[in-house]
Structures are given as C-alpha cells and as structure tokens.
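Shared chain: subunit A. Partners: subunit B in the first complex, subunit C in the second.
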Partner chain A sequence: MNTGAGASRSLAFAAAGVIGLLLAPVVVVVVISFSADSFIVFPPSGWSLRWYERLLSHRPLMAGLQLSATVAAFVAVLSLILGLPAALALARGNFPGREALRAFFLAPLLLPTLVLGLALLLAFQPFGLIATLPGLVLAHLTVTLPFVVRMMATNFATLPDDLEAAAATLGAPPLRVFFRVTLPLAAPGLAASGALAFLLSFDETVISLFVSGPRASTLPVEMVRYVEGRTDPMIAALSTVLVCGTLAVAVAVERMIGLTRAVGR
Partner chain B sequence: MEQSLAARDHCGQRPLKQPSLALMAHLVLTGLTKRYGQTVAVASLDLAVERGESVALLGPSGCGKTTTLRMLAGLIAPDAGRVTVADQDLTQVPTHKRDMGYVFQSYALFPHLDVAANVAFGLAERGIARSERDRRAREALALVRLAGFEGRRPRELSGGQQQRVALARALVLRPQVLLLDESLSNLDARLRESMRHEIREIQRNLAITTLFVTHDQTEALTMCDRIAVMNRGRIEQIGTAREIYDTPATRFVAGFVGRINTIPLARDATGLNAGGIAIRAHGVPDGPVDLFLRPQLVALAARSEPAGDANRLEGVAARTVFVGDRSEVLVDTAAGRLVVELAPGAPAPADGAEIALLWAPETGRVFAREDA
Partner chain C sequence: MKAPARIAWLALPAGAVLAFVYVYPMLDLGRMSFNRTGPTGAMVPDWSLAIWRELLADPFTLELTWNSIVLSAVATTGALLLAYPLALFLFRTDSRWRGLIAAIAITPMLVNGVARVFGWLAILGDRGLVNSILLSAGLVDQPVRLVYNWTGVAIGLTESLMPYMILALMAGFGRLDRTLEEAAASLGAPPWRRFMRVTLPLSLPAIVLGWLLCFVLAMSAYITPKLLGGGRVFLLATEIFELAVTNVNWPMAAALALYTLILLLLFLAAYGALARRAA
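Now for the complex of A and B:
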C-alpha cells in the first residue's frame, strides 16, 4: 500500500519534471517576448510591449500571417469536403482492397516531408503553382488529408450501432439517413478534424519552404527568413501569439469532443 | 400481376395460383438462409404469420434470431430465400420501403433528438406536416404511457422508458409488420412483466402482424399467439404455447421450453427400462433414447398405491422446494433425481419419505439420445 503510494508519488514527480522540461522553453519565449531589450537576453533587464508593437507593423510577417490563415482556412474546409467521402468509404464500405486503401491513406504520414516537399516542387513547377495560394493549399492537403480521413473514418466507425439502421426502418432513404442521423452525430468529430487540419496547415514549414516564393510566403517561412537575418525579441512576441492561438483552437476542440478521442484511433 | 387482377375481377376473390398457406398468411418467409463464412446463421427458414398475429421466435442465444429479423427488415441481404408481405415479394426491396417497424435490442434512439423528435422521425420521412406530426407523436407516447416526456433526451430516460420510446417510434407509423428484438431483455423483472402485457395489448388492439424475438420462454408464452422454437438457424417447431409445451416435436424443444425431467432409458428383451424398472412409452424411436417428463404430469403416491396402467418408479423424497406459486419435490429414484410438482393443496412428503412416482405412458415424450 505504502510502496504503491510512494511509487505513484515519484511517478507524479517524474511526470511533472518532464512536463516542466517541455514547457520551459515556451515559458522562456513568453518571458522574452515582454522584454525591453534590443537583443535576446534572459532574463530581460526591463519589461515592455514594444516588440508586440513592432510585430504589428512588420509588413512581411503580417502578410505571412494573413496568407497562412487564408491557406489554413481553405485547407480545413477542403480537407473536410474531400475527406468525408473517403472516410465514409473506409468506415462503411465493404469493398475489395479496403485495407490497401487504408494503408494508402496512412502512407504520406510516413513519408519524410522533405521528400514530399521536393516532389511537390517538381510537380508544381510546370503548372505555375509555386508561390500561389492554390499551390500552397494543394501542398498542405497532401499532409492534412490522410490525417483527416483517418480521424473521420474512426469517428464514423465509432457511431453507436443500429442508429442508421433504425432510421432506415423508419422510412428514411440512404441520403436522408446520412443527413438526419450520420452527419449530426459525426459533427463534433468533423469540427475537430477541421480544426486539426487548420493547425497542421498553419504549422506546416518544410513543405511550405519548397513551394513558397517571394510572391507568397506563409508565416513559418517568413519566420525562418527573419530569424536567419537577426535575433531579437520580436520573434518571441510572435511565438507567444501563435502559442495562444493554437491553445485556443485546442481548447475549442477539447470542448467539442475531447482531444484524446479526436486524435486517438 | 395482370393475371391476378383478372382473376380477382372474375370471382371477386384472390387468385388461387399459390399454395394456400402463402396466400392466407400475411408475412411469409421461404427458405431464408444466411451464412457467415463457415457459420450458417439461418438455415433455410420457413415461416408464415397471419395478419394481426403475434409469433415469438424463441431460441437460445446465437441461434439466428436477430439475423432472421434483420433479413426481414432488409438490413441484411439473405444468401437465399424470400420475404413476402401481403403477397408482395419484398426480398429486393430496400429497408426504407418495407414499412416494417423494428424495435432494436439496443433501442437505437437518436441521441441528438428529443423524445418527441425521435417518435416523429418516421412521420417526417412521410412528409406529414409539423403540427400533425407533433399530435401523432404525443398520441403514440401516451399509448406507451410516456405523456409529458416529449422534451427529454434519450440519455435522460431509464432503460424501460427508452424501450417504450423505441416502441412508440415504431408504432406511430402503423407499420404492416412489427419486429421486436429481445426488446425486454434489458429491463428489470417487474417492468418486464408490465411491458409484456402492455405490448401484447397494443399489438392486439392495433392488430399488427408481429414477430417477437426472445430467448425468454415466459415472454414467448405470454406475449404471442404462436411460438416458433429456433435452434441452430432452424425452426424446430411452431405452434401454440400449449402445443409446444405439451407435445414438443423434438428433443431440443422438449428441453428448451419449460421445466422437464430427462430420464435415460435402456432396452432389454422385454422393452424399455429406467434404472432397471420397466417403463412403457409411446412413439419410441430406434437407438438409444431418453424419456422427457414434465414435473406436473408425475403424481406422488404412497408405495402401497396400485399403479394400474401407469408407469411406476419408487423413490425417496429428498427435499421439498417452495418456488413461490407452487412446491416442487426432489425425488431420488433408480433413474436419478427427478423433479415433481406438488399438486395444489397436497401435503408435502417428509424429507426421506419412501414414495412412488406414477405417470401415464402417454404423458412422457421419448426422443433419441444426442451424442454427447
């Protein structure tokens, strides 16, 4: 009994330690973002909001933020629209090669993004898709779609038994069953999938580096460029904003269905 | 089709081109078969249910009851066989056009809709106006004694209430055929009893052709006009509760429906014997056999009492058990321990009393022994 309690207490300490270790850099970044210094110094010698003000007036980063948000919104919506039929087929369909298809949808997850980025660069070049909104959206879809399909397939597969059958016995044809029963019940899961697609797209860096250009660069790409040139607390201010934004989306999803269930299989 | 219309015009009756059973019955299953790999879930099942009749599909878990019901509703495609309702072949008709109410074992209420919307779900599919829908849903809920629960969500209801909502949801459409799958199995004993009578009454009043799946024989005996006893994907016997109980057609039916004593019989030069005591019985098949004897068809007698034409087995009363509405005496005999029902008002024999058991040769049923 005692040893068990002791063990669980030391486990709790260990867990707290790991979490602390993971969060420490984030805390450092947040602290630095409120610095009054001109360079990154920890701890800062004074406090101010000057780097947040500087951020707001920084054209390239603001343009990147806007582009990233636009791309992510398109990616989220398109992931849902394109992923829905595939997810339904995977979860409900009983066709030959279903397992192969499932494997296919998992494959891009295992492909190094560097390879994927290069492949997309080569494929997009002839069509003039590099550094365009459609190009970025298309590129990000290759990353988000497998995630979204798998998540939604799980979502459909775990709906309570017999509900759709019950709707059919009550006289609802298949399409009506889908809209009156399947879709409403799957809605929280779909919203979570959309949110995940948004975050994945917003965060995507490696592939964006390949398919971005001077004409159009996403926020992560602009950030990489900025940090290459200099290091000042402004990038910390931006990071703090992003952490808060991501957290807000995650909390919203958690509210809707619970993050663990959304990502778990 | 044309032929049948013509025939009807001429003599004012239905044509007589099909077997009369199929013609009379409202719901007819012919050769219905379903396999899952090696398992034969339903094996060429035939069943005819009259209009307004309630038939129980009674059998142990896994014998194919649910599979049968699902094929009927079109939720599973049969490998072979036909489903006919009112002389119309529905085998290829999709579920939503079959007009069959189905009460699922899991109730399958829509969690995102309130009780009223659940009940009105099918009415909306039929394009009935909102106000009319609400009225009929309220009516159906009153029928299952759930008036006032319209605004609740399914998860806010007890199991029994959910079950009644599921029933109301099916009944509100006045389906041609009502299918109930173990609908009472999740309820506690008291609620189950009252629901049995309620469902039976509603079914009778509305005269809905009903197939009621259950593994509970009391349910089958009390709720239905006829019982079809199922085993391993087949119907072993179909008949009224009395017929099934008094004259079981197979060994399985005898053992499954009601309490029964199984007495192994042996053969000698003069005939059959149980533990060395000569026994007479009717309808004895070849090979090793067992005698099946209902506890209430055996009389307790003093050792001195003459047997007359009856079979007689001596024994010792081991124990008398009071089981609520009757008493049962456990009697140790040369053929093993038998259960005998004490006649109402009869005194219980003292434990250890030496007694005799008497039964007429025609009351027992003899079936071939199954290989163990």
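Now for the complex of A and C:
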C-alpha cells in the first residue's frame, strides 16, 4: 500500500519517542549515580564512584536492604506453599462456590494498597505485629498471595492434561500423578511466580510505610525517608543496583514464561 | 482432568491467611470509622457517626476530592495520549524486536517507584536536565520550577500510569481489524481520515477501559504525589497517610480511606458496566 508506509513510519517514530520517555527516568538515575556532585545536578559536573562507596557504609539503607531481602524470601516461599494448593483447587476442582472462592482470592488485588496498608496498621497494632518481621511478611502476603494464586491457577489450567490422564490410566495414584507429572510440568510457572512474588514484596512501598516503624523498616521505606530529607546521588547509586537486580529477575521470568503474560491480567 | 470436590480443602490454608490479613483488617477499618476522637485526640471506642459527620461537613474534604479527581484525570489523559501510539505500534508490528519493546514498555512497572521519582527529580529539578537545557539555550534566566508542585506530580504520575495503560490498550485492541483500514485506504481515504473514521472508533472500548483503570490507580497513588509534591500537593491519598501516621487520628483516617474507596467503587461500577457493554 502506498499511503500506508508514511503513516506507519510516523507511528513508529511516535512509539520510539514514548519509549524514550518511559526510559528517561531510569537512564538518568543510572547516569547520575556516577556523579561526583553533592546535589542532583544533571548533567553531572564530574564523575566518581563515591556514592556507591557511601552507600555501602550507610547503616539505615543497608539494614533496610537486609530486612527487605529477608521479608521477600519468606513472602515468596510462603506465597508458593499457600498459593499452590489453592491454585490447584481453583484450576482443577469442580465444586459449588468455586467462582465465589476465586473472586475471594482475587479481591485484594482490586483494593488500593493505600487502603490495605491503613487497614493492616489498625488491625496489626493490637497484636504487636507492627515493625516486626512476621508483621511485614503477613502484610505483604495480602498482595503476593492473590497474585500467585491467580498466576498459578492460569498456569495449571493451561497445562496439557493428557499426560496426567495417561499416568492415571496406567495406575498411578493421584498424589503420585501430581508429584511426578503435574508439578514438573508446572515448574517454570512456579519459579516465575516465586520470583515475581519476591519482587512484589521487595518493591512494596505503601503497605510497608504503614506497617514499618523505627525498629524495622524495609528498603523502600528507608529510601522514601532519605529522599524526603535530602537529595543527593546516593539514592541513584542504590536505584541502579536495584534496577540491575530487577532486570536480571525480569529476564529470567521472560525466559521462563514471558513477562507481558505474567504481569498482564 | 477433573478432581473430586474435596480438592476444595486445598484452598483452606491460603483462605485462612487471607481472612487474617485481608477480611479482618478491612472489617476492622470499617469498625474504626465509627469510633470517636476524644478531646485529647485519643481514640474513644464508640458506635457513632460523629467522625463521618465531621468528615463530610469539612470543606477540606471537598477540596481534597476535587484535587484528586482533577490530578488523576489530567495524568490519566496524558498517559492515554502517550501510550496510544506505542500500544498501536506494538499491536501492529511484526518486527522481531516486538517482545523487547513490549518488555521495555512495562519495565517501569517493575522499577522501584522511589527510584523513578528520583529520576524525575534529576530531570525536572532546578539544576536538572530540562532546566540546564533551557538555561544554556538562553530561553529562561531563572530555573523553571517543575518539581515540588502540581506540574511535577502530574508528570511523574503520568509516567507511572503508562505501562498499565499500554497493557490495557493492547488487551482491548483485539477487535481492531486491519482489513477494515485497508478497505478504507483502497477506497481512497487519506491516513488521517482513516485513523479518525476507522481506527479510533474501533479502539474506543479499549480507550474507555484503559482510562478508567488508570484513573482508579491514579486516585490511590501515594509515593509519586508525596515525593514530587514536596508537601505542597494535597490529595485524598496524602491526607489519609498524614491522618493515620502523623496525626494518629485513626477514626478519621479510616473514614477518609473508606470515603475514597466508595468513590473508587463508583468508578469501578462504571468500569464494569462499560466492560460488559464492550464485551
């Protein structure tokens, strides 16, 4: 088509511009993390690694990093342990109230984390769970558990079931079919769900702001506090490290199941 | 393979955990809004509508609501205008880079929100990228104030919504049939006319759904307004946090959170109705 080429070229240019805009903040953060300046100046007047060095000796941020990694590890494992059977029930079960149960499991994803965070603060305070490791893990499960259930239920539903049927026909008991056939087939989806649950917990900011405290604050909470108080390139250095970590996980997930499918509804 | 009904028991552990971290806290939130605050500001257990009356009679509530709605509408519309060409490109292209471009388009979703806000501070700040270009080009004498005000919040919020908008649009473009455009072209319609008369009307359901979804997300966004607003931008979301954490006025914070939630549910009801009509 003669008129189509010009139109699709201008569409491609517009798309490239938008991609540039989406990448701009991330690129700027990476560049400024190597700045030698003491303030946010872009372009930087000189280059250094001093903000990476400072970061390593910054107690609150390092403590936050450690806590966030611990919380995220617990959250990922618990989300899988709890989410996998629930997803199996939703995907394979044929019982009355299944749709209601599915809606119940997905409901927390529809609520703003701002409202959930406030509700968790009010509910956890009397139990002494605020600013504790168990409190943070439980709070994050509100978001990661429904997410894992949704992802794994889709995963189980799309698995080819003729292999399971074959195993059952050959006389394998149900539990054996599950562990020898279903689980290996679902393993890539399982690993991807676990990785995304880890990332969701690690990045969770709003809920953590409500349930953190002076005794225990996750990394994003410490980052918010830092940016509120000062603006120097240290947060850029930290963000660069985080972006690299996220990118590594995203690439791994993309390899396993396709990222756009994982985060899409 | 269908399993017997007792497989439902497998959902029990997860259900029990969600009951404690989701159902109970939300019920507790509702209960809290019927308590009162005493003269010292301490919470007094009660069953009264005092907090709700105070909240709804306060002109500040109306101002916050208006601020939140206007900001969310501006940011969502901005995100729509920017995301549309990219989503359309991704939907149509058969380039082998499609997967990579789609991944880049949604990467901001996976980059920590504080990191992205920091990037905008470096781009829009007084000594940031935009101002150094404007100053060195001699277009302005003084740095233009682009952060710690409404402008900064609107820009940051727009960017944070774009990945969701792109996903929503791409999901909704399903009914966009290329052959209809080709038919229009072969009948002599110029590109602009084809877009206005064929492409745009066909993608209208996707636009409406994407807009509502992102509007709801914008209404409850907290980090971007908090950090890019520098305490000068007052919204429902920022006020809920202030009330709960700084003022420790839990009954009022709970009531304002529920008020916001009811507002959002009204928009979601519209979303549901439109989704059914589009389907």
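Here is the rule we use: the second predicted complex is superposed on the first by the 260 of 265 C-alpha atoms of A that agree within 3 Å, B and C clash if a C-alpha of one lies under 4 Å from a C-alpha of the other, contacts with A are read in each partner's own complex, and residues count from 1 in each chain.
As a working rule, contacts are C-beta pairs under 8 Å (C-beta built on N, C-alpha and C of every residue); 3 or more make two chains touch, one makes a residue touch a chain.
Note that the coordinates shown come from a computational prediction; the quantities given were computed from them, not determined experimentally.
Engineer: Quick one: classify A:L56 as touching subunit B (first), subunit C (second), both or neither.
Structural biologist: A:L56 contacts neither subunit B nor subunit C.
Engineer: Is A:V181 contacted by the first partner subunit B, the second partner subunit C, both or neither?
Structural biologist: first
Engineer: Pick one for A:L242: touches subunit B only (first), subunit C only (second), both, or neither.
Structural biologist: second
Engineer: According to the stated criteria, A:P173 is in contact with first (subunit B), second (subunit C), both, or neither; which is it?
Structural biologist: first
Engineer: Identify which of subunit B and subunit C touches the larger number of residues of subunit A.
Structural biologist: C
Engineer: Identify the partner contact of A:A165: answer first if only subunit B is touched, second if only subunit C is, both if each is, neither if none is.
Structural biologist: In the superposition, A:A165 touches subunit B and subunit C alike.
Engineer: Tell me which partner A:A252 touches in the superposition: subunit B (first), subunit C (second), both or neither.
Structural biologist: In the superposition, A:A252 touches no partner, neither subunit B nor subunit C.
Engineer: After overlaying the two complexes on chain A, where does the subunit B footprint on subunit A coincide with the subunit C footprint?
Structural biologist: On subunit A, the residues that contact subunit B in one structure and subunit C in the other are 161, 165, 168, 174.
Engineer: Considering only the defined contacts, which subunit C positions touch subunit A in the complex?
Structural biologist: 1-3, 5, 7-11, 13-15, 17-18, 20-22, 24-26, 28-29, 32, 82-83, 85-86, 88-90, 92-93, 99, 101-123, 125, 127-129, 132, 159, 162-163, 167, 171, 182, 185-186, 190-191, 194-195, 216, 219-220, 222-223, 226-227, 237, 240-241, 244-245, 250, 253-254, 257-258, 260-261, 264, 268
Engineer: Which bits of subunit B are touching subunit A when the two form their complex?
Structural biologist: Per the touch definition, subunit B meets subunit A at residues 70, 73-75, 94-102, 104, 106, 108-112, 121-122, 125-126, 169-170, 173.
Engineer: Quick one: which bits of subunit A touch subunit B in the complex? Just the residue numbers, please.
Structural biologist: 160-163, 165-174, 176-177, 180-181, 184-185
Engineer: Would you pull the subunit A residues touching subunit C in the complex into a rising list?
Structural biologist: Subunit A residues touching subunit C: 1, 3-4, 6-8, 11-12, 14-15, 18-19, 21-29, 32, 39-43, 81-83, 85-86, 88-90, 92-98, 101, 104-105, 107-108, 110-116, 118-124, 138-139, 141-142, 145-146, 149, 161, 164-165, 168, 174, 199, 203, 205-206, 209-210, 220, 223-224, 227-228, 231, 235-236, 238-239, 242-243, 246-247, 250, 254, 259-260, 263-265.
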